[in-house]
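In the two assemblies presented below, chain A is common to both, partnered first by chain B and then by chain C.
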Partner chain A sequence: MGTSPARITPNASPTKMPTTHTENQSQVQTATPKMRASNINFYYGSFKALHDVSLDFAANKVTALIGPSGCGKSTFLRNLNRINETLRDTRIEGEITLDGENILDKDVTEIRRRIGMVFQRPNPFPKSIFENIIYGPRINGLLKNRSAAEVVEQSLRRAALWDEVKDKLHDSAYAISGGQQQRLCIARALAVDPEVLLLDEPCSALDPIATAKIEDLLVSLKHQCTIVIVTHNMQQAARVADTTGFFLLGKLIEHDKTDVIFKNPAKKETEDYITGRFG
Partner chain B sequence: MTSRNSRRNAVNNLMLTLCGVCAFLTVSTLFLILGYLVYHGAKSLNPNFFVQLPLGEGQSGGGIANSILGSAEIVALATLIGLPVGFFAGVYLAEFGGKTLPFIVRYTADLLNGIPSIVIGIFAWTVVVVPMHHFSALAGALALSVMLIPITARSTEQFLLDVPRSLREGALALGANKWRTIATVIVPAARKGIMTGMILGVARISGETAPLLFTSLSNQYWSGINEPTASLPVTIFNYATSAYEDWHQLAWAAGLVLLALVLLANIAARMVISRGASVPR
Partner chain C sequence: MRPFEEEFELLNDTLQEMGALVAHSVHRSVLSLVEKNEDYAHQVIRDESRIDQMEIQIDDLAASLIVREQPVARDMRLVVAAIKISTDLERMGDLAVHIAERALSLMTQPPLPETVNFGELSSLAESMVLSSLDSFVKRDAQAARGVLEQDDRVDRHRNAIQHQLTQLMQKDPSTVTRAIDYLIVARKLERIGDHATNIAEDVIFLAQGVDVRRPREAQVA
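Then we have the complex of A and B:
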């Protein structure tokens, strides 16, 4: 536009055009989320578990997904890294973008490398702590420029676990506590430098102290990646999440800033759930 | 109240006793067999027994060296064919395919498992021995591998399916593809079980007699892989059904050797397997 000779029309001032242009761009930038799910329908066989769910995930923010049991939080989360498609007889409709590109038609292993996941129960591999961490970098060919030891130390430090396990890196991953195992799984996910980290009730099997550690960790991690966490614990959502989405019966009822959801929700269903009237 | 309690206690005690007696019967059968073998066979065991060839009809002394080697050869060959094929078939059953094909494979494997070994012997005789016009160790190994494949496939499948789905998802979520996940996480997690199943399978075929009667037959002398070959089970069968008391003794001794070899192989393999972490349930 700037290179073509300006056509002066009576109503247009020559200085206005560039301004509008920048404005548009900055709007687009703030409006472009790291990830965006658009009109997702998901089916387990003939059962429709998600109904037209659209949700944006802002970069470097923590998004919490809450809602009563069976409302489809896990189903939704597990579609964000396409792990649900490994289940038999499932079908998805809609579009999920990462940096504007639809992940549903890209190479799935690359997508999963970029979008890490931590599960409800710690699931370390039956290998040593060291081998667990190095697994992802190894299969993704990320060890060409960095030594394995370096990656392991950095990942464990990011997961606030280094000091606790640095002397037993070659012990079995089952030889540490449940809370440590869960942080190991977070470290394992971080070792491949994911841009997005999905967590499905990561603290439900842990005691309050281990939970607090992981919450602190999430808050510190959001500078490095975009985080989505499913939780049943509303205090947890309030503590860690910038925005919160409320699911009910496979639908996203509302998604807003966390304090809005908890103090001043727009929808009656949300308020009922928050105040404990059902769920 | 008290009468009901005492009846409960009586039932409890009765069942406990019943289980105990059955457990004792199981164990004592093994020791009875062992004792019998040692009692009848031990006196024929001497160094010559292990290194000499058998002597002619009715002569006492001699050894079963060729049978020991022949058995080792046949079982090793059968293992070489049967374990890989069975293993990969098991991986296929547990991990791949839709619904119909795995169903057919699984069903076929179960049918094969149930076929009496003598029928497998006749089968191997028809498809290998008859066209080749002679008995051979190779034919025996093929017959035994036909038995080993379904055993290995089904036990491998079972142990792979027992690996928690969370481990599989953990690997997939890190960007591993399916084959990578199977090779680096699922199979290692099921390793102990798979290998135990394999050992039991090999132990099971080492003692098979009927398939070998129709395939490798026997031999008085050392033999090549493409010739009739002596094996411990067939030698035991021959000696035991002969008319000579000396040979009956040799049959017991050979039985003792067979049992000892299977047991030793078993223990050694288990020692190797027991190393390394296993998945807590």
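Then we have the complex of A and C:
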């Protein structure tokens, strides 16, 4: 009998290297990205929350941002449509472009029309379903060539909500379920025809059925706009995202095709986090 | 170590244990043939059910980890590799039994009029088994690639034995029954080499996330 194999620690992964942050963290080459964040540093007062983050967002793709709480992924997302500017004593360095133009130099209202956002908890206005949808198009002057009813129906259909609410459009938005409210918020964001849709943990307050509906919706919506989603649910990132970026301590550790991130990530930090060995 | 890590370690350890048992069976089956040792042959046949049970145990562990942990990255690769490797090991255990059964049959018959050299074929097949298992333990993709390179040599040795036995049967038809037993043994040893090759491919996937069965340009990572 030959020699027995020696025992070693299981799951040893000799190819993983600790991250050095001087290298480019993104492995996804995008010739003409819809959005590009370049060398973003962001400060809450004297606290530096983002460190030199660069990331491209390809058109009509879903990009997921993952990482532990406090890693900077939501802060980064909120910079993409300048929502962070509503906070006092914050400062951003770097450049964020939409179709090649720096959004930091543009009219913020126009930027937020082109880059919509959906938050963690559904936040419908205290109005009817109809009024929730039509508010944005009305204040943005988008009802010149289309009727309000047409815009409402189209937006609710795009959010896969029309069949469920078409008979109660003038009921309060609070009268529908949490999952429906979140899709209403997506429909409200879609009503102004955004080119990019940002979602900050949109399913964290929803049950699995409502979550599945939102995920199906995201996959179908990417044909109409570019999507960036922050999520703590790694299975969700694996299901819906074309590319995934991993953040840690305000740095983008790794960004690659979702298959690569979840099958064979390049960085040890990424693997430790997604396999639950973090910390 | 957190509880889920212990379960991945248990999967790893069970697979190593099964590998060691199969390697012993292959070795004993060869010895039963070469040394005409009945005890070894019966031991191989007895161990088959234990090997089958271990395959089921590994499948259960892997399924449980998939359901409860939804493994990704190196954990996912271990679960996928464990399911595939345990299947290959179980087949190798069966092949060892087939060799042991032929060895018992040949013990009741007179020797062939000329020597058939099984030494190189069996050594090579056993070496592939041990190297593939060792590469699994060490997560050594380079060693696993070395196993892949040995597969052609096994085929050549098996073809040489087949050629020799075919000529012998043509020359002396009274040898047909015994020669067929030897042909079967050669075929089983070659198949053991094939399964060792499969294990080596799985080890490369496990260690590096690379599927060597695919053309390079089709690989995800």
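As a convention for this text, the second predicted complex is superposed on the first by the 248 of 279 C-alpha atoms of A that agree within 3 Å, B and C clash if a C-alpha of one lies under 4 Å from a C-alpha of the other, contacts with A are read in each partner's own complex, and residues count from 1 in each chain.
One rule holds in what follows: a residue touches a chain if its C-beta (ideal position, glycine included) is under 8 Å from a C-beta of that chain, and two chains touch if they have at least 3 such contacts.
Everything numeric here is computed off the predicted structure, so don't read it as measured data.
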Taking the superposition as given, does A:Tyr174 touch the first partner, chain B, the second, chain C, both, or neither? first
Going by the contact rule set out at the top, does A:His255 touch chain B (first), chain C (second), both, or neither? neither
Please work out whether A:Tyr135 is in contact with chain B alone, chain C alone, both, or neither, and reply first, second, both or neither. first
Examine A:Ala189 and indicate which partner it touches, taking first as chain B and second as chain C; both and neither are also allowed. first
Once the structures are superposed on A, label A:Lys73 by its partner contacts, choosing first (chain B), second (chain C), both or neither. neither
Would you mind listing the overlap between the chain B footprint and the chain C footprint on chain A? none
Per the touch rule above, chain A residues touching chain C in the complex are 1-8, 10-15, 234-235, 238, 257, 259-260, 262-265, 270-271, 274-277
For a test of understanding, state which residues of chain A touch chain B in their complex under the given definition. 81, 83, 86, 109-110, 112-113, 116-117, 119, 121, 123-127, 135-136, 139-140, 172-174, 185, 188-189, 192
Okay, in this complex, where on chain C does chain A touch? 2, 4-5, 8-9, 12-13, 16, 19-20, 23-24, 27, 69-78, 126-127, 130, 133-134, 136-139, 207-209, 220-221
Chain B to chain A touching residues, read off their complex: 164, 166-177, 180, 184-185, 188-189, 276-280
